[in-house]
Amino acid sequence: MTDREKDQEKAQILIEALPYIQRFNGNTVVVKYGGSAMKDEDLKMHVIEDVALLKLVGMRPIIVHGGGKEISRWVKKSGIVPEFYNGLRITDRETLEVAEMVLGKVNTDLVSLVQQLGVNAMGISGMDGDLLKVRKVMPDGQDIGFVGEVTRVNPDILWKLLDDDFVPVIFPIGSDKEGNAYNINGDHAAAAIAQAIHADKLIYLTDTRGVYRNPSDPDTLISELDEDEALRLIDEGVVQGGMIPKIRNCIDSIRNGVRRVHILDGSAEHSILLEIFTDRGVGTAIMEREQQRYYRGA
Amino acid sequence: MTDREKDQEKAQILIEALPYIQRFNGNTVVVKYGGSAMKDEDLKMHVIEDVALLKLVGMRPIIVHGGGKEISRWVKKSGIVPEFYNGLRITDRETLEVAEMVLGKVNTDLVSLVQQLGVNAMGISGMDGDLLKVRKVMPDGQDIGFVGEVTRVNPDILWKLLDDDFVPVIFPIGSDKEGNAYNINGDHAAAAIAQAIHADKLIYLTDTRGVYRNPSDPDTLISELDEDEALRLIDEGVVQGGMIPKIRNCIDSIRNGVRRVHILDGSAEHSILLEIFTDRGVGTAIMEREQQRYYRGA
Amino acid sequence: MTDREKDQEKAQILIEALPYIQRFNGNTVVVKYGGSAMKDEDLKMHVIEDVALLKLVGMRPIIVHGGGKEISRWVKKSGIVPEFYNGLRITDRETLEVAEMVLGKVNTDLVSLVQQLGVNAMGISGMDGDLLKVRKVMPDGQDIGFVGEVTRVNPDILWKLLDDDFVPVIFPIGSDKEGNAYNINGDHAAAAIAQAIHADKLIYLTDTRGVYRNPSDPDTLISELDEDEALRLIDEGVVQGGMIPKIRNCIDSIRNGVRRVHILDGSAEHSILLEIFTDRGVGTAIMEREQQRYYRGA
Amino acid sequence: MTDREKDQEKAQILIEALPYIQRFNGNTVVVKYGGSAMKDEDLKMHVIEDVALLKLVGMRPIIVHGGGKEISRWVKKSGIVPEFYNGLRITDRETLEVAEMVLGKVNTDLVSLVQQLGVNAMGISGMDGDLLKVRKVMPDGQDIGFVGEVTRVNPDILWKLLDDDFVPVIFPIGSDKEGNAYNINGDHAAAAIAQAIHADKLIYLTDTRGVYRNPSDPDTLISELDEDEALRLIDEGVVQGGMIPKIRNCIDSIRNGVRRVHILDGSAEHSILLEIFTDRGVGTAIMEREQQRYYRGA
Amino acid sequence: MTDREKDQEKAQILIEALPYIQRFNGNTVVVKYGGSAMKDEDLKMHVIEDVALLKLVGMRPIIVHGGGKEISRWVKKSGIVPEFYNGLRITDRETLEVAEMVLGKVNTDLVSLVQQLGVNAMGISGMDGDLLKVRKVMPDGQDIGFVGEVTRVNPDILWKLLDDDFVPVIFPIGSDKEGNAYNINGDHAAAAIAQAIHADKLIYLTDTRGVYRNPSDPDTLISELDEDEALRLIDEGVVQGGMIPKIRNCIDSIRNGVRRVHILDGSAEHSILLEIFTDRGVGTAIMEREQQRYYRGA
Amino acid sequence: MTDREKDQEKAQILIEALPYIQRFNGNTVVVKYGGSAMKDEDLKMHVIEDVALLKLVGMRPIIVHGGGKEISRWVKKSGIVPEFYNGLRITDRETLEVAEMVLGKVNTDLVSLVQQLGVNAMGISGMDGDLLKVRKVMPDGQDIGFVGEVTRVNPDILWKLLDDDFVPVIFPIGSDKEGNAYNINGDHAAAAIAQAIHADKLIYLTDTRGVYRNPSDPDTLISELDEDEALRLIDEGVVQGGMIPKIRNCIDSIRNGVRRVHILDGSAEHSILLEIFTDRGVGTAIMEREQQRYYRGA
């Protein structure tokens, strides 16, 4: 291809994005960002570029992030042995303190990356404007310390930031009625926020490409699911292990006003753009039954 | 390339557009559209797609259009022999009436095309909200009928439409103090409007790719010019014929608050996008002296 | 009368208008303007003066206009033989093109007249801001070409214009889902718009002074009718011919949220002002049953 | 004339008002109302009708009123002998109290009259929102009690009321720095307010028709004066007695940003409307030199 | 205590007010002010200071006031013998005139006091903006002259004043449909206004400290009552005499959207602040049944 | 004192605060908070209570905070030896990371405290909305790592938060043009912010009560200083050591649009309230020359 032909092709691709840009104009999108998608700086930058692009073409993204492997690293550094109960980090006061510090640091870094792309961002915790009120979690009656579940979301602060054209970047620390800080599971916080604002999309950047009909066969990735199918896949044992709570979480979000939930591979470059701006998509989208037929290929 | 690779490439191209989208966010862009760029429906659609995309990624485009070959066709159909004086159409009352009708029709069609792409458009003439006030033109003291030049632009209506997220689509009929209608040269109307709103960009879609250092050698297209260079090219006889008034028009606009003027080939597909969203550009850009060095490749 | 007495009388008349100005302050008024009320320039100016005055004393008028005899004149000029089916113009592609052009021209002229009176006007078609969406009409299953009926009105653009203190001047061309243009019957378009915005008044400027109890006796003009009486007059054969669809149209509007419909003689000078600002009125007003007793002479 | 002809004439007169309505749209008009124009209920109603009409056709009137003969009547009733020094009421504490009460009562009555005409009014004193700050007047070093002159106008409250579509009705009681109440001369208060808001018009309703070239000849009323002419008339002794301070007041207002001052006969019916809405006018208008030639007969 | 210790204590007390300030932030509070609480200037100043403080710490107070003993004093001065029927002043035209004058005067004085404390106030009657529409009261069929009861409150003007950060100061003169002025009982006017705006608090400054379980024993003051208890106290004869209509008035207000009604001793210094900003309170508060338990000591 | 007397005294103290509340209504106040004022939880709470009270009585406080002793504690915990150059922390990448984490944690805690008092707070760093742009500091040409000085403040984000009724809580991490994070000296950051928004007050909570004429004699605390006096005290050697840069900082702020700078003892309870709400004040205030005489005891 000559340079001219290459440019021509670029223009063509921008034009192909037009119907998607139009369709999703003004949509609120909550992106849960964490785990392996955070593992290196390049990958981080790709995710942030995707989010910035969503913002610049008229969508309203919100980032909810975890601390990745950093929390465990710093916990160890402080001489504490990280412990988990059923996948939840046992969080004594010292661990909580470290978690807050690490999440705050990751938050500042993400905000800085977004700002470098010329988009205004504001880093907030669940404390700011009383965004996330929580109560102590007691799994199986076990005391696992300062781990909370969201009981109330106060989205005022989000609407203000979105109206002022900021990308809110949220880390999941909330407070109980007495103002004590609690660590919150990031997936859970993202879902609670998405539900509270009736988000158009909730995107989970995970370590897997989505839901497979046959997990050992990469060709069996399911592109779209409605609630009933998702439940059936759990019943039939197709969905297994750590994916079960995630899928239940998705179904719950759909039932509480989120229009679509996407499960994407966070370590694949630009998976957010690919899922939103191409017909094929790259992950698994879960939605209400009725939406499905109108969606793809529109 | 596999489908996946193709998608990946698409995402990459969208991301490459990011810095341009950012840089031009909120920019007002006046697109003068007419002549050969209107000759077939496909070409029309490409131009409108470009404009819609500018709008959707946050710029604020305004279209100023002529009537292309349609006016002459209908003038003839009405049994009038089209006449010109120095390139200006001699416009008796009947010709004016036909011109208004044809321009109105073209306007409605363009508005409809923009709307089909999901973007709000509003068709207006220079009468609406007193946008364009004119006085009769008398070239060399010749009476050539109802041909006017702009004496005052009242941009209130444009700010209102832009703030309400419309793409204004303007046809160049204005009125004198007594309210008589006049035909206005499209290039002149576009320049007057761009100057009145201190547009960031004024784009002329023309029948040529831009300004050539050697008109017979397509490889000598000049990508960027400042005012002084542009004047020198006229003095040196490099710019000739119909291009001279056009270039003078551009210089005039630069001196009256327009930041950049672009001369593009209207019949080349997506030339607007290519000029704005690629480093190479595809036409000739004229700007103030100081801007030049910072612009390309930033 | 001395000059002083004349001036005194003038002041008196302005004061008499006070209660009407008050009562109708902020009222939205859709004026359907066409046919014989357009036949000469003086008459046109009188209608526009009335509308401008409504605007200046605080009402919010909207003009919906047809093309009068001009469309037929231009259709013939283009070598087409005008044809009608049940009063609807058979509209092939070429006729549609002519209709659009003529309506656009009439629109620009009306906008210019309003502007000359110092009132801001904006000419729009049903394309602008997707104001009028239509579907093809097939009377008795007959294909009569590009004639549409309104299926959806998107009044956003009207509220914006009214809030920005413009008089919207609308010509009845709309588009179907694919964006194809259609001609719309002017009375029908005006009614659809009036219903969509729950207009306080819908005024038809027609070729007759209103509804007569005995059409051959000018003294039997009916000043006010409620829905039931109007229906009865049709049943009893008092209302006949072309008046039947008009009256049905009126009743329909009343039932869909328009507060009053007025049928006035468009060729009588200042009939709009006379109907609105005098107790006697000059035409026939149709309204809901309950309103009637409170209205006149209040 | 038949009824129909009469109605026709009415419409014609409304239309004749159109250019005036247009020209004065949005104009702020301070009306100083007092003295003989208050003497009977009919006259009061006529003045209020005029003001209400100004409001309804888009102007922004403000009334500043005195107490007429009522203050003296109540002062006497309270057993006090009214005293004056150089035309200023000597105001001891008891007289001040009576003045405040009477002015408050007149104020409430005027507000009620305006409200009856369907126009929102708000009665305020110079105390409300600190509108009028004054200092004690000592004419020729004489202590005449609680008589103040305006030292500062705080027009915020007026802009708020005007923006909220109220007619402010003001009575001239102000306070000094310590919050003590003072009576203020009504003409002086009206001028201070008009200057503070750069009023388009300041109208004095007086006991005379205006300024005469020869006071004994009613045919020599001067319709328009510029500042210089007004000063010359004082120098030449044409303007005499109580008219001298009034005219100086007018000149002062013109020099401090008021565009025109009108002296009208308050006891002539609808003199405000006649002055504003007819070419001839009925009183004397004083304006800057340059304005004069453009004004009348425009 | 040293000066330093005193200052320290002051800071401590301000801090103690914090939770109350917070809790009542933005609350609308109607204060009915009259009778003995107006008897001397010092007391007046204390009441106004309290109201100004409420405003400055973020509440939105409204004053409704009577004329205290001044009306009777001026009525007598005018040679009229004050007469009452069942506690309502028999109000002939002359008495009404005096009442209006006195109330207007008191109003101006109160506005001036508020302004001296640096808080914007606006004095209004029930005429302004048609705030209070009334009908003639005929107790037992008796004609007692121009005494009205409120039939409609038009609170627009209040919202505007509150939004513009004014303290509205209202005197209870209203008008009937024909615009005739009527005197209104102040308690009744305050209740009508509080109900119309669903006030958070309605405070009656009275001549007693509140409701006593045993009126002869000052230690039996009841601090809080719900509707049912209040009714029971009437039934049981605990509440007697003039207190009965007052308490019924309170219950009525609670049932019509007012959250709490407070009966306080207007002649006790700073009773408003003490009731609102201390746990003990100083008067009797009446509220809906459910509120009670959450309120005190929260 | 009886309870009643105590309550009475409380009311009296609130009323005494009235003139201060009035005078400072709407004032922006930047509070630099750090060092010993952070040393225990009680002290922290007192400072936050003071700030919350300022907010609730209508002022607009902003907190800029450091990390107190926590940074050094965590730096050591991470096995790094804290190093300083001329009082500036030598900040390698690892130290910076720890500083960011600690500051973020302190920030979240402060936000939580403010929220517990029912006031909305938002924690931000200098990254959010590009608040603080910095360049690397090279004292005496020494490279001391990631220590920056503020080159540009972008206060948009602050105005938005203040307009939305939040208390911004800022920690001093900023970024250079490439987006690299830098630690900023807290005093310097607070001054830069106060200057950028032309703060009415800048309050430094320090380890000393203010400036003493004779540092060894606590009775020689200087209550007020103007710029010239402050400079003279430096010249005369009265101000010494670490106080010199602080005072220079204050003078600089005064010269760049801050109205008053206060130096207070952060470890004294409620020193902010005492300084603002009492005549005596408790620290040293520095202001422009002209202000001084009007200020105290006004």
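Lettered A, B, C, D, E and F in written order, each chain numbered from 1.
Note that in this section a residue touches a chain if its C-beta (ideal position, glycine included) is under 8 Å from a C-beta of that chain, and two chains touch if they have at least 3 such contacts.
What you are looking at is a predicted structure, and each value in this text was computed from that prediction instead of being measured.
Asks: What's the overlap between the neighbours of chain B and those of chain D?
Replies: Touches both chain B and chain D: C.
Asks: Which chains make contact with chain A and with chain D at once?
Replies: Of all the chains present, none is in contact with both chain A and chain D.
Asks: Report the chain whose mean Cα position is at the greatest distance from that of chain B.
Replies: Result for the farthest chain: E.
Asks: Where the CA atoms of chain A average out and where those of chain C average out, how many Å apart are those spots?
Replies: Computed value for the inter-centroid distance: 55 Å.
Asks: Using mean CA coordinates as chain centres, what's the chain E-chain F distance in Å?
Replies: Chain E and chain F have C-alpha centres separated by 43 Å.
Asks: Between chain B and chain C, what's the gap in Å when you average each chain's C-alpha atoms?
Replies: 37
Asks: Note the residues in chain D that touch 2 or more other chains, in rising order.
Replies: There are none in chain D.
Asks: Just say which it is for the chain contacts: an open line, a closed ring, a star, complete, or other.
Replies: Shape = ring; chains linked end to end, path closes on itself.
Asks: Name the chains in ring order, counting from chain A in the direction that reaches chain F next.
Replies: The ring, traversed starting at chain A in the chain F direction, is A, F, E, D, C, B.
Asks: Would you pull the chain B residues touching chain A in the complex into a rising list?
Replies: Result: residues 3-4, 7-19, 21-23, 25, 46, 49-50, 52-53, 56-58, 117-119, 269-270, 273-274, 277-278, 280, 282 of chain B touch chain A.
Asks: Can you name the residues of chain B that touch chain C in the complex?
Replies: 74, 77-78, 97, 100-105, 107-109, 111-113, 115-116, 120-125, 127-130, 157, 160, 164, 166, 173, 175, 178-179, 181
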